[in-house]
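Reading through the structure tokens given below for one structure.
The chains carry the letters A, B, C and D, assigned in the order they are written, with residues numbered from 1 in each.
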Amino acid sequence: MALIALILLPAIGGLVAFFVAGKGERERWVTIATFALMLVLLIAVVATGGDGRWYDKVSYPWVPSFGISLEFAIDGLSATMIALAAGLGIISVMASWSEIRTQSGLFHASLCWTVAATVGVFLSFDLLIFAFFWEAMLVPAFTLIAVWGHGDKEGAALKFLIFNAAAGFGLLAASFALAAMADHMTFSAFELAEMKLSTPVQVWMLLGFSLAFMVKLSVPPFHAWLPEAHTLAPTAGSILLAGLLLKTGAYGLFRFAPMLFPDGLAAVAPYGIALGAAGALYGGLVACGQNDAKRLVAYTSIAHMSIVLMGIAAGVHYALAGAAVEMIAHSFSASALFLLIGALYERTHTRDLRQLGGLQQTAPKFAAAFALFCSALLALPGTANFVGEALVIVGIFQVNWVFALLALSTLIVSVIYATRLLKGLVFGLPQPKPPLADMTWREYWPILVMGIGTLIVGLYPQSLLALLEPAIKAALIHTP
Amino acid sequence: MTGSDLIGIMILAAGLFAIGVFGVLARRGMLFQLVALEVALSGPALGFIAAGAYHADPEGQGMFILVLTLAATEVAVGLALFLRLRRLTGTDDSDAISGLKG
Amino acid sequence: MTAAQFAALSPLVVLAIAAVAAMMLVPLARLQIVQASAAVGLAVAAALVLLRIGAPAAPMGALFTDDGPARFGIVFACLVSLGALVFLRTGHPAKEAPSLLVLVAIGAATLVGAGHAATLFLGIEILSLSLIALFAFRLTRQGLEAAYKFLVMSGLASSALLLGIALIFAETGALDFAGWGGRGALTAFGTALLLAGLAFKFSLVPFHMWTPDAFEAAPASAATLAGVVSKSAVAIVILRLALTAHLPEPVWSQGLAALGGASVLIGNLLALRQPQLPRMLGYSTIAHSGYIALIIASGTPHAGEAVLFYLAIYAPAMLGALCVAAALGRAPTLPDLHGLMQRRPLEAVALSLSLLSLAGLPAAGGFIAKLFLLRVLIDGGLWVLVGIVVAGSSLGFFYYAKFFTAPFVGHTHDESQPLPQLDRGLLIVCIALIIIFGVAPAGLLNVVTATMAP
Amino acid sequence: MAHLLPFVPVPALLGFVILSLVPVPLSRAAVIALGVGAAVLPAILFFPVGLSCIEGVCVAGAVVPILSIDTGVFVAQIAMSMDPLSMVTGGTVVLVGALVLIYSGAYMASEPLPDLRRFFAVMNLFLAGMLAVVFAADVILLFLGWETIGLCSFMLIAFYDKLPKAVASGRKALITTRVADSFLLAGLMMLFLNAGTTRLDGMLAAVPGIDPWRLAPIAFLIALGALGKSAQFPFHTWLPSAMAGPTPVSALLHSATMVAAGVILLARLAPLFAAAPEISAMVAMLGILTAALGALVALIQTDVKKLLAFSTMSQIGFMVLALGLGAPAVALSHFAIHAVFKSLLFLSAGVMSHAAGGSTAIESLRGSRYRQPLAFWSFAVGAASLAGLPVITAGWYSKEAVLAAVWSSGPWGVPLWLLAATAAVLTGAYAFRVVFVAASQTADLAAPAWGGLAVVVPLTVLTLVAVIGGLSVGALIQFTGGATVHTPLLPTLLGAAAPILGVLLARQLVKHPQELEALAKRMRHVRIFRFEVLYYYYFVRRFRRVATVLGNAEGTEAVADAVALRREGVDVPGLVTDDPLGRGASQVRGIRTDLITRATDGQTPVVRMVAGDPVGRLLIVVARLFVGFFVARFNPDRIDRAWMGLAGGAGHAWALVRRTQTGRVRDHSLWIALGCAGLLLFAWGTSWR
């Protein structure tokens, strides 16, 4: 029951926020309370200890005649991602405290519903329920971008929606095809995983699944929706997009590709690694050429998510652990940078790196935060990003050292874009002219939390890896 | 009635239908289009009579009556619309009333 | 006539009485009374069917079948007509509109029960003629234009349908569906023409041209009748043909699939940048007809359930969207919708949810309908059709999403009347149905399965 | 005392945390006290640890384990080593670090408070990172420190961030070293995968078991990483520009400690390189090349800091040479001595240039002997040590050890020795060139003296060590496990003569400055010195072009705003010509005569420098055509545009299909007729048999 409550809580919280909105900040507090309750509930679930693989596992019939059931399970990976969802939810509320002034009720409802749908994605083990939440999260996220974004927000939101919803068909079609091959009508991933399929069939099914996952991961050439969506979304939207929605793609690939199609994944793994390596390089190179700070960070997301793809495709223990850590690390660093840039944009109304600068003179807290997260961006040892990327690359060395060298070259590119961001924002003459106010506590605490998180995972990765280990073991396809 | 007779009459019926369709396509005057519609409907009517006769089945004649009724109502409604339209637009050119498009 | 037979026919009788009563009341009573009498008729007809749930099918002969789909179709037609009656505002002193609306329901009820060419033909013609009258009811230039065009095209389509039936009759000597079959050339030609005639009513490409005009020019509730009631009735009759008649195979299924595929692609394409809400909805119904046609054409075991399921989910969405369109005055365009959320939150939410459902995104019912559609196609291994559906739906996201956002952004001024209570009630019911079908479809699915059970 | 070892870097780290992260305003004195104290404490903590070595605790392979993390994937063992190597390097680092920070307490005192705080925070972080590198007994700690000092180097070079040049130099340093670091990381990962442990001793123990075909690439990658950090050819270009940072930074990071990290790494992994002789040979070649070239280029410098930078490069080249020849102990002793005298040189040069109004040009130091006698004399001592004046300076002992190792290194020893000796002559020349200039008279002696305890103490201590430290060289070599090589008398004498020759040469050069200028002019036409230009041309420019083209910067909101403004007639400077990645120049239309001009237009500053060199130009043309070809293929507009083209295509299709909806009933009926006809045709075709 607790697992369903984890999904229902934000869904209902969103409704409440929608209806209580009005004068005052009620809807904001309701939303924060919802996410806080979610965290409490999550801790309660995890504290039960579980059976070593799953903390909790439930199954209720939903549409029995269709073989669809509400099959939910939670393990360390899911729990981590849900904690991330709730945490980023709170951070999003804080980040949009002064930014969002119109239709605040609907905004917070969308926020809650986005989180509810992603939590559903992280818990579902029935493929159709998974697909349900997978598509459901698009709608509130679309609303967030289309209504409260900047510039050509509708175009960006449409691009986001069409890319992802169209790719979602791959998931649906492959799920149905998979269920049609089962001896009885079921969509339960646990039962479908037992089937022995031939490798070519697995490859086709995997391609269907990974179409959806890779578009969400925004691996080139499926990335075209991401830069605009991230750049033009409101700060909270960017945080959720980068911190959460991209992760659902990584999560899906991590969870279902090795579980359902081990042979297929092994067969296409080299192409996956190659695509990831090319994508990481491509995203990094493009990031180097950006003037818009947010767009730059958006392209770095492409690079980092491509690294995650590489890790999952490599399928060895190191690489999978690295991919899992990189997912979390990227959530911290990208969300924090979007938060910072959003706060800066509120003050200066520009994100152009050429029109900004000298933060370390005018706003030392901003400067310190940027320095920390740019270090994370360039994968400085001691940050979680380094742990993730280094483990992925070590894993790829085990598989193919040429790709590993290619992946390493992304580290070089990362230092270029990270220092470009630093140069444009932190160093230089103070710009624009009226000195801007430093961070307020509402902006500072989320940053502090994410910064400490980045460092803890970076310096003591076991804190995270211990939690993720069962999921990583389950995702292994090679044991070299 | 032999099978080949039936085929012949059916071809005639189809020809009537085709003539009616051609009339609708070729004439711009609304009145003529309504007349062409009647011609088109007479094709199937003939077909029902012939097929009913061939199979010695009275249902064919029943269908014939239904078709005639339809033809009458269509024309009645059509003429009403035609009068109203002509009063409103001052023309009986069906091509001229093409305000709804795109 | 046995009691069972009478019970089976009683809804039609009640509807006919209601139609006549509404007509007779016109010179005697106020519009509200007329509407009430129509509403009572519709409600009683629906109730009469519902009371017979579980009753065995009455033996009715070929003219009228009393099976699950027919009962479903009657209830469906009555309820949707009831919904359409709520926002039937013709803007004209004449009060005959409710009567015409009930006539449409009669046509639909006849059609869904049709097992014979005569009933098929009668049902279609009752539908068409009363719809023509409703389209023209405002006596505006546009309404008359739409009605005239519909009349001419419908006449052509009817003759095609009749010629088709005549050809089949000529070869098989049967007018009831069950007797149709064989592989002769006449049957094949007849089937082609029959398909053309049905496709017109079902607004499949290339017989779809009347749909957007009707949606734009006619009163919104007439558009509802044309887009939902009449179309669902035709869908059920096509389904019955597919299930009972043995029409020559490549022509029937592949022809239907070709028309359906073309409708999915071209319908969505036509709606792509359409700025006018009702016209966009008109084009989108073409696409939805296409999806349903594809389900029927797939010929898989669950096709029947999928069709009914699709119709049940499609109806509240279309009803909600058209009710909002009616509330916003004639032919609202995209900019007219701006700021709707602040002005009229209920309408905005209803419209957005309806569009969400039509687009097939969760948590609205449309997603489940799309799931069923995909399942049916994949069960049949029809990957080409799956590809067409994916391409069409992806195009669909574009225009649905554009209209979905519009109520939440910007500001516009309008001084239109506040919505009557009944309309609000209807919108709330639509919202509730869309959400319930979206998150708990099991109930509806059970109903549909029970309906299709032999 | 071993348990104290892990705590040596802690005060520095704490200093960083307090100064940078605790949001409490601190007074100027508090900042300086904290910053300096955090650097002095490690030295104090290290003292007992170092003393324990006398008791014989520090033997090769002694390790203090700190913690071991079972990540589930592998067991990460974090440990610090207490072997002689880390004791020598660690001692040097804490000593120099403490002295330089004491000095900077005075040197930086006039900076604005936030900048001062930032300076000390980053310096402390650097010290912590550097200590992690020298003490690390596992690759995790090693790489952690390694990257941290790289980042600190960037922050400190870019310290005067209002100068665009400083930030650019910082990025250049960081990016160049990052390239090398990636190689290092690759090498370490491969080593790790082969050895299965993160502990360095475990890795080295596994070396004999590794297939030579695998060992060579590993050694190659690690060597490249080390060479990049140590600014050896071909990664050397970042070091001279790194002098944009404040002088104490140059003294600590870019001469004494950070740039020598590569040497430390190579020394620590010496068994690995011993097993890969071809890589060792490459390392040696690059070392001697850098030593010679660095010395030669240092000779023609006009800026004292640049001169010292090239000198650092050259001296580290000597160390790398020794390492390549398999004499890590010798290299380490030279490292220690070099750290002392090079920081002494920087610090005293800083004092002298401070007195000369902040200019670091050699000419402006003229007369320092009278303005700043202490600084001058300590500079002179440092220079003597750098030159390696025989017997009296520490530099002589360590350099002699290097030369001896070279001499006795086999068949190639003598030619290598000759090259090294030539470099030594040049060393003497450039070192004393500055001394002679500074010692000369000048009219303007009115500049205020500047000093204080914070300056005097470091200078004095370093001077003392630079003189008497030589006595310890033999002991150091023995301590770190090397054997004293007995060389024949002749090379020893010749080696002793080299610096003296150099001093004479310097005397000559200072007397006849025009000769030096002529030499400088001639050297600028030698291609090898154009390395910087080629590097810029091939890497930086190319990269920028790729990034701009890929980046599709036109799509960004800011540029769109600028375009809109320009359309309204408002002049926007940053639009095309001020493109951040500088590709606006190609927009300029010039007269295009031949292929070469066409292919190289818009590159004026760079191309002009390669003018008159047909080979170089041809290379550039080929490179440009090649890259242009690939960039055109790679244009990301194509990925995005392909997708958007799909959307646009749908829009066009809409406009097309829409036209069928004419509104005329006859046209609509035509479609019905066509539909019927189509279906009938289909029926005819399928029922035909």
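Quick note on the criterion: a contact is a pair of C-beta atoms (placed from the backbone, for glycine too) under 8 Å apart; a residue touches a chain by one contact, two chains touch by 3 or more.
Please read all numbers here as calculations on a predicted model, not as lab measurements.
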Based on mean C-alpha positions, I'd like to know which chain lies farthest from chain A. B
Please tell me whether B-C or A-C has the greater number of C-beta pairs in contact. B-C
Central chain, going by Cα centroids? A
Using mean CA coordinates as chain centres, what's the gap between chain A and chain B in Å? 64
Centroid of chain B to centroid of chain C, CA atoms only: how many Å? 26
With chain centres taken as the means of their Cα atoms, state the distance from chain A to chain C in Å. 42
Report the inter-chain centroid distance for chain A and chain D in whole angstrom, where each centroid is the mean of the CA atoms. 35
Out of chain A, which residues touch more than one other chain, so two or more? 162
Using the touch rule from the top of the page, what residues of chain B touch 2 or more other chains? 21, 24, 33, 94, 97-100, 102
Can you list every residue of chain C that touches 2 or more other chains, as numbers and ranges? 148-149, 152, 156, 160, 212-213, 398
Listed by label, touching pairs are A-C, A-D, B-C, B-D, C-D
Mind pulling up the chain A residues that touch chain D in the complex? 150-151, 162-163, 220-221, 223-224, 231-232, 282, 285-292, 295, 299, 317-318, 321, 350-355, 358, 360-361, 364-365, 368, 371, 375, 378, 380-382, 386, 390-391, 393-394, 397-398, 401, 404-405, 408-409, 411-412, 415-416, 419-420, 423, 426-429, 460-462, 465-466, 469, 472
Chain C contact footprint on chain B (complex, rising order): 6-7, 10, 13-14, 17, 20-21, 24, 30, 33-34, 37, 40-41, 43-45, 47-48, 50-52, 54-55, 57, 59-60, 62-63, 66-67, 70, 73-74, 77-78, 81-82, 84-85, 88-89, 94, 97-100, 102
Taking the touch rule as given, give the residues of chain B at its contact with chain D in the complex, in rising order. 21, 24-26, 28, 33, 94-95, 97-102
Chain C to chain A touching residues, read off their complex: 341-342, 356, 361-363, 367, 370-371, 374-375, 378-379, 386, 389-390, 393-394, 397-398, 401-402, 404-405, 408-409, 440-442, 445-446, 449
What part of chain C is in contact with chain D in the complex they form? 148-149, 152-153, 156-157, 160, 183-185, 187-189, 191-193, 195-196, 199-200, 206-207, 209-210, 212-213, 248, 250-251, 254-255, 258-259, 266, 269-270, 272-273, 395, 398
